[in-house]
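Both of the next two complexes hold subunit A, though its partner changes from subunit B to subunit C.
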Partner chain A sequence: MAGAAETALVREDTTGTEAVAGVAIALAVLLFAFDVGVLFDVVSIDGTIAGIPTVALLGGLLVLLGGAVVSFGVGSFLGYVETEPSPDAGLVAAAVFTLVWFGLGGAAAQAVAGGSLLWLPAAAATGGLAFAVAVLTREDLGSTLPAGAVAIVVGVVYLTGTIGPAWAWNLGFEQQASITAPFLVPVATAGCALLAGWAAAKAYGGFGARGRRMGAYLLVYTNAGAIISVLFVLIAFTAFRGIPGLLNGAAVGPGVGPSVSVLGVGVALPVSVPFVTNGVGLLNDFQGVFPAIVGTIWLVVGAVAFAVPLGVGAAVFLTEYAERGRLTQAVEVATNGLWSTPSIVFGLFGFTFLVPRFAGNKSLLSGMLTLGFMLLPLVLITSREALLSVPDEYRDASAALGVTKWQTIRSVVVPAALPGVVTGVILGVGRIAGETAPILLTMTGGTFVSRDRAADVIGGFAFTAQPPFVTNPELLQATTALPFQLYALITAGVGLGDNVSNPTEFQWATAFVLLLVVLSFYAIGIGTRYYFRRQLRHE
Partner chain B sequence: MDPSIDTGAGVAGAVTRWRRTARDHLETTPPAATITIASIVVSLAATLVGFLVTSPYTVVPFLGFLLASGYGWVRFQGLTARTVTFLMTVSTVLILCFITVFIFLESIPVLRYESVTVLGVSVPGLRLFTQTRWDAVAAPIRYSMVPMIHGTVMVTAIATLVSAPLGIAAALFLSEIAPAVVREVVKPGVEILAGIPSIVYGFIGFTILSPWASTQFRTTGQGSYLFVGIVVGLMALPTVVSVAEDALSSVPESMKSGSLAMGTTDWQTMTSITIPAAFSGVSAAVLLGVGRAIGETMAATVMLRGVPRLTEPLYNVFYGQETLTSLIANNYGNANGLQMDALFVAGVILFITVLCISVGSQYVEWRMQKKLGGEI
Partner chain C sequence: MSDITQTTEADSADTTETADAASTGVDGPSATGRSSTETTAGETDEHVREEWREYAFEGDAKFAVEDLDVYYGDDHALNGVSIEIPERSVTALIGPSGCGKSTFLRCLNRMNDRIKSARVDGSVRIDGEEIYQDGVNLVELRKRVGMVFQSPNPFPKSIRENIAYGPEKHGDIDTGLLARLLNRSDADERDRLVERCLRDAALWEEVSDRLDDNALGLSGGQQQRLCIARCLSVDPEVILMDEPASALDPIATAKIEDLIDDLAEEYTVVIVTHNMQQAARISDQTAVFLTGGELVEYGETDQVFENPHSERVEDYITGKFG
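Coming up: the complex of A and B.
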């Protein structure tokens, strides 16, 4: 958005009181980070840190944080701190406070009275009180008091040992379930830290419009940071667990790798990664997923060969020839419908439509076409966007030269839209390369496939005198693919140990290779878009 | 005026108009071109019919189509291109129709099997929803969809609770708040999050989250709707983010600048101008996210128990039984006959629900564009 950020002119120097709020924010951030550590068992919940039990330490920090927030609010209310509060804390804040205090009061009553319906009036009372404070008092009190008090109450509960590391609450469900401290403590602490941190950020901004902006920005930035860190953790974790299996028996050096023939001369590659180049066999030193990789590649090639011409062609017709009307509208609705159709439904469709028509059993060809059906809407939508973004001046200029419409499309419009189309196709391919559900029903081969059974589509073509005249047994039999292989490895369970020596390592390595393949498609796609966009800017 | 006469006249008019265009067309195009185009269309239609009736001679009309297109490409390139691209467009719609027809056809036997007589009228398929027993082996054999619908609703609700607020906040961040540099990092990051295959999410959930949850909540066995919902929510997040971001950035800059010129903070502008203006687009984003969550298969399949029954009590999120999608993925292997058809019923329910959501969100978006375009 336009430069609405506060400038040095608006902001005055940081005062001592602002520093209090700043410290409170820092405390909340620290608490949050510490808490994530507890949740992921990096910090043990029954252990001690510098001689203090973890739960008590969390409680102490919470009380401190709550105290800082409340005292800042009270100080502002009594006029010791200069702020510009609004008349009330706002409805959204009030609703959140009511909800939190409703739960807190209810849980407390349940813990004291137990079993009876007494918790309902208690919850209503605390919730109502929080709502009243938030709505009826001035913003500086209304937004700090309920938030800070939550942190203090939860902190006191931790400090007094009411909830200790061994605490558990049996929910009394027919299907047994309990809420235990290792789950509740980190989650409750994180909630309190967010709530109090938000109040502290509001206070730091001096309440009012600027304070609200501050508080909201804290939450929005935390959210964005959390999403990126989840992504990072997911990828890093898979890599961390998968790399040992992937590099099992790998060697680097002249002539260690498999030989490849280049222009008729056999050349041994200097790198050998048996996990990628081997199948599974009794005599192998190291087992690998070569057939699955080949299967995935063929699937992708087949799907692209089917969907890209179809999708781009349809996009050209819709954008260049068709007048906006019933037909274009119907196609748009249909494509968007196809786009959101669950992948397993594509699988069912392939199972009933394609499988009986190709040799009657699951086959590579059915898998290709099913994935092609899935890829089609993606290609169509992105190509259509790319074609629409070609400026009309291009078309007019070309038409002014007296060429036909088709020549304009072929030599002006499509080349101009090509970058967008290519990017869309690559991203779409990344998506379907990792799909499991559709090929589950249309192309499931064995879990462990030896190298010599890897699909050899090119060598499989044969011509016959009988219909259908062209046969390719490779296309008409099932093979394996990376996502399916991973699924089979998960569900195979016990029998896995007979074929591979270290099943867990093998599973993680497969997951990592799949992730690598898919993410490299994405990296190439995003990179291509970047490249073309920069080229466009330079023009 | 009588509406039926009106539509009748409309249709007649359309037909006359169409015939006139066709005649004009025939007069202006050389006959060779017309024949070529006709043979392209006819041979492709024959291919389709041959494929549908599983004729071994399907390849013959297909070769004919290739030959006719090749000839047309050399002689009448523009016209052929137009015809072929038109046929491609039609095929997209056809595929959707085929999906609908074929999965419906497969589900008919089980609908007939599960009919119930209500007030003397036999309602096919009603028993699928009126009792909760799924048992394909022991008598009485019943294929109730209720446990799976319950599972799908639970997972979708939790996933929406995760993906809607986080997704909208992230979209707001990307479209309004983030500095350009941060945006360049976060946006591809969200895209890559969409790219991680669902089986990888499922694998991590299965090996790490499920055992952890089982110990934390002291449940018997592994698999809970709560954690499947969280994982699926994470997977639906990118959809919500990208669609909501498109909606937010389609709010005209002049509206935002007008608000800022009044001296509001940018957060005030967002809450009182941008979000209300883009509200329908943002709700379409959430709807599409819901659609993604309903259709998510692999993570649910590997993380759930795969036992079709209701949890007790119904709101017990610490146990995860079965969703519509995981039912299909778990049972396709050993199913045949009626049970296989019952899986198709699950597919039909999924397909119709998601299609309605997709059409609904398109309608919402279309309305928003109309509104922002100023032609109310």
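Coming up: the complex of A and C.
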């Protein structure tokens, strides 16, 4: 009977063989990490590591990995290693192997025979062979041989120097385009490591269902790890480039910082970071972006103050009062559409509608409102979802106590929905804080603003004898913000040469400060959400 | 006695209409049969006689219900129910699923107004005052007629806030910032109220040292007793209970039953239950609803359980159907 072979409930002692496969997986992971280093220039591709050229080292590791995988497969096939393989490697694996080997065979033939059409039959032959091995032989051979062989072939190509650090393949396009070693080597190595690592993981699980699960684990974890590391690399990249500019002229020591008045007593801070406390001025020792930071913060505060009450109010109306029907559907469609509207369109709206209404020039207020309009749909969507997810039991319980609907909404429904609302605000602030296009059209004035021209919204309020009794010229003046400043620095770079000694450093530092400002808004939002959640749940 | 037709619009401005008949009207959609000729499987065909539903008791009637009909859209959920409920006693409503007992209960404090498709015909009087007429103050009605739901539903607030919620919203207790600043905060009064309600609900001993903890951290039985305490906080005259122990374990159920017994000395308790032993244990009089939203038999609990007039009620009580 087919498939009636007994499967042991408890696997025999397999420590030795598992260790071999485990070493192969570790090798693959190491290779992958090393490779990411090469791709991001952390490890130089034409340098040497411990006296061995980087490419040769990669090649050697690949051959080692491929050899381990192939020998494990062959050992399992010959019965030296106890495994439970399926009859074949599976169609998906076969398709992947076929594709890889089709490309590899074609590339090799092209390299040997030059511009003839010979590459096609060669590619078909290698691809077909890989397919046959994967489909027709048992799983232990079918999934290790093609994968291990890829690693060995690529490794040998590196070792022999066929592809070295200086290698390049001119594609011959109309544009200047060629595939160079610094790109090809890490990418090909990563592919091989992934393929061979997957085969090694399968071998580690003893093939069969358990092996496939191990293989899937490896792919899933590698994928997750790669995504997370990209995020960290992005932040680290900006930080590394930005920190020198940020700390330009920074000093730590008693009394070096700017003086702050605390309860009427002037106290000099012990830390001085001119980049964030200075503006731009002829007499400054170090130039800074203080006005832009202040502008960004006021922008976000203004937009949130404008959009959150409106959005939450509209969500309360839509979920609690409005009949569910055409109107709510239309509003839903409209808000979803608004959320995906390009920011430059919001900017144009602000430019043509808001700017002429506020003093006729670009102003902080019109920037706030434009960004507020951008934030509104997301706040509305997330608040609506949050309100809908508040259990009806709360509303019933409150009604049964004779409490009116409005009081129920105010003291039970909205508090229960607050964490969801805050999540929406966090997401929205992340988007608007870095937005350049709308404020370019509605708010920004000069690029290099001196410290005394930073927006002082609180100090700008003044009382007058005539209506409207309170005026605030600061809100009606153009100012600057970090994303705009960065954009202007990179595209125009006006005056950089005179004012700033190292423009590149200045730009990266601006980008880093923008990142920090956005991240601190995140932190505030997450803290707020945590606070509200604590109130709702028993901890 | 004139029948007053009251549709739900009267209350729609002041209540949430998110619930629909299918989710909240426990007995709504499945109640199909109208008369005793349309029966569920196993139910005998018989004609309901008027005297089965007559129950003479001493003292005053808290509720007087006459010819009450409830429709969920086209569904006739409650069919001409007339009943008088004595005060300061426990009245159990029993019957198979979908027979209209929860619907009946929700008519007594007009919670059915919150279901958009529900339409109520007939007359319900509390202490002689009609509650289905124009100008009824729903806030006052629901303060007088409190309700405890099937699953415990405390607010996600502290135990103290849960109890004080009703009185604070009604303005009876003011502990707001302004009141504290003006030195007329009712904090002491609130604390006395919280203690009294929790003691009445037999929960004080268990939670007295953690009144500021979130109510969701209590066990299911404690949560249900907290809901009862919350219901007591607005000083009701009647407590309606919709299967209050169905989601609880036997020990918590026993505590709730003891509590109901105590409450009946001061309050009028109307309880819906699926558990016939429970009804027999705790109630003074029992009303049996059967298929079609019909009140079949009403009388002293001992009589209904030991010597029912109706053959169908006997079948139901002995477990032949339902």
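Here is the rule we go by: the second predicted complex is superposed on the first by the 436 of 539 C-alpha atoms of A that agree within 3 Å, B and C clash if a C-alpha of one lies under 4 Å from a C-alpha of the other, contacts with A are read in each partner's own complex, and residues count from 1 in each chain.
Heads up, the rule we're going with is that contacts are C-beta pairs under 8 Å (C-beta built on N, C-alpha and C of every residue); 3 or more make two chains touch, one makes a residue touch a chain.
Since we're looking at a predicted model, the values are computed, not measured.
S.K.: Just from the overlay, do subunit B and subunit C fit on subunit A, or is there a clash?
M.R.: fit
S.K.: Of subunit B and subunit C, which one contacts the greater number of residues in subunit A?
M.R.: B
S.K.: Output check: A:W167 vs subunit B and subunit C. Expected answer is one of first, second, both, neither. What do you get?
M.R.: So A:W167 meets neither subunit B nor subunit C here.
S.K.: So, does A:D392 touch the first partner subunit B, the second partner subunit C, both, or neither?
M.R.: second
S.K.: Just checking: does A:F521 make contact with subunit B only, subunit C only, both, or neither of them? Give me first, second, both or neither.
M.R.: first
S.K.: So in the superposed three-chain picture, is A:V412 touching just subunit B, just subunit C, both, or none of them (first/second/both/neither)?
M.R.: In the superposition, A:V412 contacts subunit C only.
S.K.: Considering only touches as defined above, state whether A:F183 meets subunit B (first), subunit C (second), both or neither.
M.R.: In the superposed model, A:F183 contacts subunit B only, not subunit C.
S.K.: Return first, second, both or neither, reflecting whether A:F373 touches subunit B, subunit C, both chains, or no partner chain.
M.R.: Touch status of A:F373: first partner only.
S.K.: Just to be sure I read the superposition right, which of the two partners does A:A400 touch: subunit B = first, subunit C = second, or both, or neither?
M.R.: It touches subunit C, and subunit B stays clear.
S.K.: For the overlay built on chain A, what is the smallest gap between any CA atom of subunit B and any CA atom of subunit C, in Å?
M.R.: Superposed model gives a least subunit B-subunit C C-alpha distance of 8 Å.
S.K.: Do subunit B and subunit C touch any of the same residues on subunit A, and if so, which?
M.R.: Shared contact residues on subunit A (touching subunit B in one complex, subunit C in the other): 404-405, 407.
S.K.: Help me check something: in the complex, which residues belonging to subunit A touch subunit B?
M.R.: 1-2, 4-5, 168, 170-171, 173-180, 182-183, 209-210, 212-213, 216-217, 219-221, 223-224, 226-228, 230-231, 234-235, 237-238, 309-311, 313-314, 316-318, 321-322, 327, 330-349, 351-353, 356-357, 373, 376-377, 380, 404-407, 409-410, 427, 430-431, 433-437, 440-441, 466-470, 483, 486-487, 490-491, 507, 511, 514-515, 518-519, 521-522, 526
S.K.: Per the contact definition, I'd like the list of subunit A residues that touch subunit C in the complex.
M.R.: 319-320, 323, 391-405, 407-408, 411-412, 415-416, 535-539
S.K.: Under the stated contact criterion, what part of subunit C meets subunit A in this complex?
M.R.: Those residues of subunit C that touch subunit A are 13-19, 23-24, 109, 111, 114, 138-143, 146-147, 149, 151, 153-156, 165-166, 169-170, 213-217, 227, 230-231, 233-234.
S.K.: Tell me, which parts of subunit B touch subunit A in their complex?
M.R.: That would be residues 51, 54, 56-60, 77-78, 81-82, 84-86, 88-89, 91-93, 95-96, 98-99, 102-103, 105-106, 166, 169-170, 172-174, 176-178, 182, 185-186, 188-204, 206-207, 216-220, 234, 237, 253, 256-257, 260, 264-269, 288, 291-292, 294-298, 301-302, 311-313, 316, 318-319, 325, 328-329, 332, 343-344, 347, 350-351, 354-355, 357-359, 362 of subunit B.
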